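Down below are the structures I want you to see.
Both of the next two complexes hold chain A, though its partner changes from chain B to chain C.
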Partner chain A sequence: MAQSSAIHVKGIGKRFGSFVALSQVDLDIRAGELVALLGPSGSGKTTLLRIIAGLEWPDQGELLLNSDNALRRGVRERQIGFVFQHYALFRHMSVLENVAFGLRVMPRRRRPGDAEIRSRVQRLLELVQIGHLGDRYPSQLSGGERQRVALARALAIEPAVLLLDEPFGALDAKVRKDLRRWLRQLHDRLCMTTVFVTHDQEEALELADRVVVLGHGRIEQVGTPEEVYGAPRNPFVFDFLGQVNRVRCQVRGGRPLVPYAHIEQMNGDGAQDGPGTLYVRPHDVVLQRDPAGPATVRFVGVVGPVVRLEVEVIMGAPVLEAEMPHHVYAGYRFTAGDRVSVRFRAATLFSDVAGEQLLSPADLSLTSAAL
Partner chain B sequence: MATRPRSAVDARTEPSPVRWLLITVALLFVAIFIVLPLVSVFTEALRQGFGAYFGALADADARAAIGLTLTVAAIAVPLNLVFGVVAAWAIAKFDFRGKSLLITFIDLPFSVSPVISGLIYVLLFGLQGWLGPFLSEQGFKIIFAVPGIVLATIFVTFPFVARELIPLMQEQGTDEEEAALVLGASGWQTFRRVTLPNIRWGLLYGVLLCNARAMGEFGAVSVVSGHIRGLTNTMPLHVEILYNEYNFVASFAVASLLALLALVTLAAKSGIEWKIGRGLTGRGH
Partner chain C sequence: MSSSALLDRPAGRGHDQQRRAAARVETLDLTQASPPTSADASPPCLADARPKAAWRPRSIIPGFGLTLGLTLAWLGLIVMLPLVALFARAASVDPGRFIETVTSERVLAALQLSFGAALAAALANAVFGTLLAWVLVRYRFPGRRLVDSLVDVPFALPTAVAGISLTALYAENGWLGAPLAELGIKVAFTPLGVFVALVFVSLPFVVRSIEPVLQDLSPEIEEAAACLGASRWQTIWRVIVPTLFPALATGFALAFARAVGEYGSVIFIAGNLPGISEIAPLLIVIKLEEYAYGEATAVAAVMLLLSFVLLLAINLLQRWSRSHLERR
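Right, the complex of A and B next:
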């Protein structure tokens, strides 16, 4: 029911001039959920976040925050905690004053006393683990510390929902991982409805309860990380989430014609006859040494958590990427030039939609999105 | 000892004869065109001793000129301060039709000769002008009176504050303002607590330049003032009148006040630049 959701978005559309940022977006976010809006740049994810906050106004549709019509309220009245991509800390104020800002600008009858403000701010700074930095200025902080100040400032007004725009975008990889884990713990402690925008699939899959995949201003799929990664609903989601081999093929009687590979499990609900594309994750490509096999190993990369191999199919020269754990690889010891047979443990077939732009015109190609 | 790789140093600096030549030329230029005139203003003013100097400044007409200049600046600078902030705010933080036209108009006083600016007001408000007859019927006198001088000064000095603030505000963007709004601040609270503190040094800088020009403006004011001693003479005009009367000591005495104003402005300007520079380097991100 719409009534029970913390954020209810229905039929939201937004244009900037001739550019359609969002069209007919429906989304329900339950109270206490941690949701990721995931998509490439230009997919409308930040616009959706800013519409929820009230920083942008939709051209049509409705938006309820805790069952209350939010489009009747301005950004000031929505009580939203918003963490900006570059934090937008007030550069002339100390950390303490930054966090206190939301309390200090309250109307006099609701505003807490000065001592109360100070103690609340200090508690918040302790919560985000920077209790000792209250007197510093934003320019004297590291990226991760600024991020925490921005979060404390957003939490100070006791927001109904917390929105974060690319919260880890401006941090380096190491800090990013730590903060991600920390944010998850903080969310579990506060149980606050939280929505964050990201273009990093790893971040979305690791952190969120549910992932909303956006593309071209539309929602492509909504689901748990397992659902969107394990069973992508369409080629866009497949391309965007994780690495995938894309095998162009002809479809006959609902089956793909791929003469060089055996397919163990076929997913996808009945593709029509005609041109189609088979999506195979690299870890679902199984290789076996076979002197009469249809493919040749071209490259073996043993650095990293898995062994990566590139395999060239002799007929038609397509290149497949395969991945296997080190202990499996140890049983084969493939080297470049080995002839192999190819098996797809699982593959998903989609009909080529007329007019749908594919990233690469090659008959068979490999894409790795956002890695 | 000197373990620094010489080649790296050589690549970054010119050979020393070139360096010395450039420095000498620059210093010579500054000495001839700036230091020498400045020194001569003060020597001429003090040629007959401090008694004559202060006597010249205590003269009733000189005091009236000083008073008028201060009055005009006291009206023109605050008005341009408000206008400059409003215009810069509109240009830097919003997108609207005619924005580039507005920017062009703000630059207009810089590109038009001050004499022309003065003439525009004479054509508008003079007795033969468009609005002159109507205004004089109502009993308003603008040309050859203080209001005309104020108008001309405002026109000539209005780009200073806006020009100083527009790039600063554009660089700062609207993120902090948006953050303030989300946190529940009203428009006025956002301006007073976030926008204004962020631009305060740039604003002060602009006001300083605006003030220096308002007090020193000659051309536009000269056209609209009518040069009535004790009534519509500002300091720059008074300097010219005294000089034309061969009253050199008095003329240079008043001029020395303007020169002093310039020196104070320069010092304050450097102080602010130092302050802003420190803020910028400390800002990071």
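Right, the complex of A and C next:
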């Protein structure tokens, strides 16, 4: 198993004082894979990345890079390309020299000649599409250009693994989208094992082959974007990925008691009787005009790719969010105050585990704002 | 026409010029394309918005004229006037006499000691001051704040006090002087003593110039260098020192300037043997006490000139390092 994976993490744990940054983390990343470490701040995602790079040392566990015990090696010997969140460019060097740095500091017997360095750097700059900026200084570049320089600099040493810490965190939304697409294309061309850290679920789901969802220093779920979004394994992943309605309910005989809504498809492997929570994506909430219906439309937002509605259930239950495509909405033309019936196309049920702290509604709205 | 005048302000950097030229062409095209009525209406409004002088930047902050005037008046009164008076007085000295004075063996020896010891002290502080600043910024240890405030003591201590305590310490029967004397090293009453006193008084300048830059230097920079395979040594020489260099040059210049002008602490420890441990500022005082005002101003004028040239050189070096360091 370990032989086939580019990065093999086993039982890694790390504490900072009394704060547990990582506990018992196991992870395998295959060669050539593009993997996202996704989680809220404080989930340990950056710590894990820094441990892989050798910028941080775990308290326990083992780490193999291409089947080689990496914990025996310092950061300099690991041949890791690391792109820092704030680029960490050398501001007294031109773009060319920044990219050439990794080649210039090589031991003399391995160091390429000056002409060779120049041509390699120029090729890299062309690769990241800033071939004309070689003589500029970092202070003369935009954020997106700096990010490209940082990437070219990391690639110059022909790293075994490329690690990126919040690579698009400091860029504005438009540049971020462009760079994201471009990074995906670049990865497909280079086929380099790449791990990036992000707190932006959209970024992770759009860019990565596989997404590793981290929370409170543990891995909550690993899977393809479809798997983690479509079949979250636990409430944490559900809360963190995408927008979701959480409906508190009682579970009886493995079924939730939700008198005001019809549930078409129930997911979740058998919740225990007692208090539980039903997770329903807004696009799985189906509304139908019904004068005797149990809910009232409170808000209709038609701006954006889908129509967003807020529905208040009359029997004291929560406000539900629903989404529908514009063409479906056109058939109903709901307005605030309309009475409707509610149907859940799909819903997932989890028992409330005593002591398990769910994200607060404030966190929920934050995570949904990102989508 | 008016719009091109507006754009005609001096362009900052070379590569900006092209862009601006392009922008200018666009703007001109636009004005040509616009209907004549609006073009006729715009000049008075543009004329109002135009700055009064071409070199004067437009700013929403008022009071530029007033503050600049006050600044220049203050600078003239406090700095320029005494300097002019010095040169006027020096110019009234007979040229032959002037040359004879400043080329006399005693004066040359004093100037050499003053500038040599000041440069040596500034250099020593550039090394150890940087180290001190590094320790203060990078590490957290008990007593750090105490050490931090100790750095400022040479600023605050009357220099005579410093001189007397240094003399007591380094004299042949002092705490440090006695063991050093056994090794055959004499500090007090020698040029070495001058150096020690100058190091003492100029230390804070280097530390305080470098500290803020070090604080801004993010650890990520060093981590990036390490990831790229640089050794600690390569990181220090290729990344940290070049980044610090402008601040280091500033600290060096300040320390040097302070050391050249230092008088109080040196005269106690130097012993003031003419030609051996007599510094130039003391020589000026001695000349004054002998009522040889012409000779005193001659020495002073030479000191001033030398200091000016050295500070200018450091400044140019600093500017060069800011823009051309990558070619090293």
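Note that in this section the second predicted complex is superposed on the first by the 358 of 371 C-alpha atoms of A that agree within 3 Å, B and C clash if a C-alpha of one lies under 4 Å from a C-alpha of the other, contacts with A are read in each partner's own complex, and residues count from 1 in each chain.
The rule is simple: a residue touches a chain if its C-beta (ideal position, glycine included) is under 8 Å from a C-beta of that chain, and two chains touch if they have at least 3 such contacts.
A quick note: this is a predicted structure, and the numbers were derived from the prediction, not measured.
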Should chain B and chain C be called a clash or a fit once both complexes are overlaid on chain A? clash
Check whether A:P282 is in contact with chain B, with chain C, with both or with neither, and answer first, second, both or neither. neither
Just checking: does A:P318 make contact with chain B only, chain C only, both, or neither of them? Give me first, second, both or neither. neither
Tell me the contact category for A:G215 with respect to chain B and chain C: first, second, both or neither. neither
Would you sort A:S139 into first (chain B), second (chain C), both or neither based on which partner it touches? first
Which partner does A:F84 contact after superposing on A: first (chain B), second (chain C), both, neither? both
Once the structures are superposed on A, label A:S94 by its partner contacts, choosing first (chain B), second (chain C), both or neither. second
Can you pull the chain A residues that chain B and chain C both touch? 53, 55, 75-76, 79-82, 84, 86, 88-93, 101-102, 105-106, 140, 153-154, 156-157
Spell out the residues on chain C that touch chain A in their complex, using ranges where they run on. 15, 218, 220-221, 223-231, 234, 238-239, 242-243, 245, 325-326
Interfacial residue positions of chain A with respect to chain C in the complex: 53, 55, 74-76, 79-82, 84, 86, 88-94, 97, 101-102, 104-106, 140, 153-154, 156-157
Residues of chain A touching chain B in the complex: 53-55, 75-77, 79-82, 84, 86, 88-93, 101-102, 105-106, 137-140, 143, 146, 153-154, 156-157
Contact set on chain B toward chain A in their complex: 175-176, 178-186, 189, 193-194, 197-198, 282-285
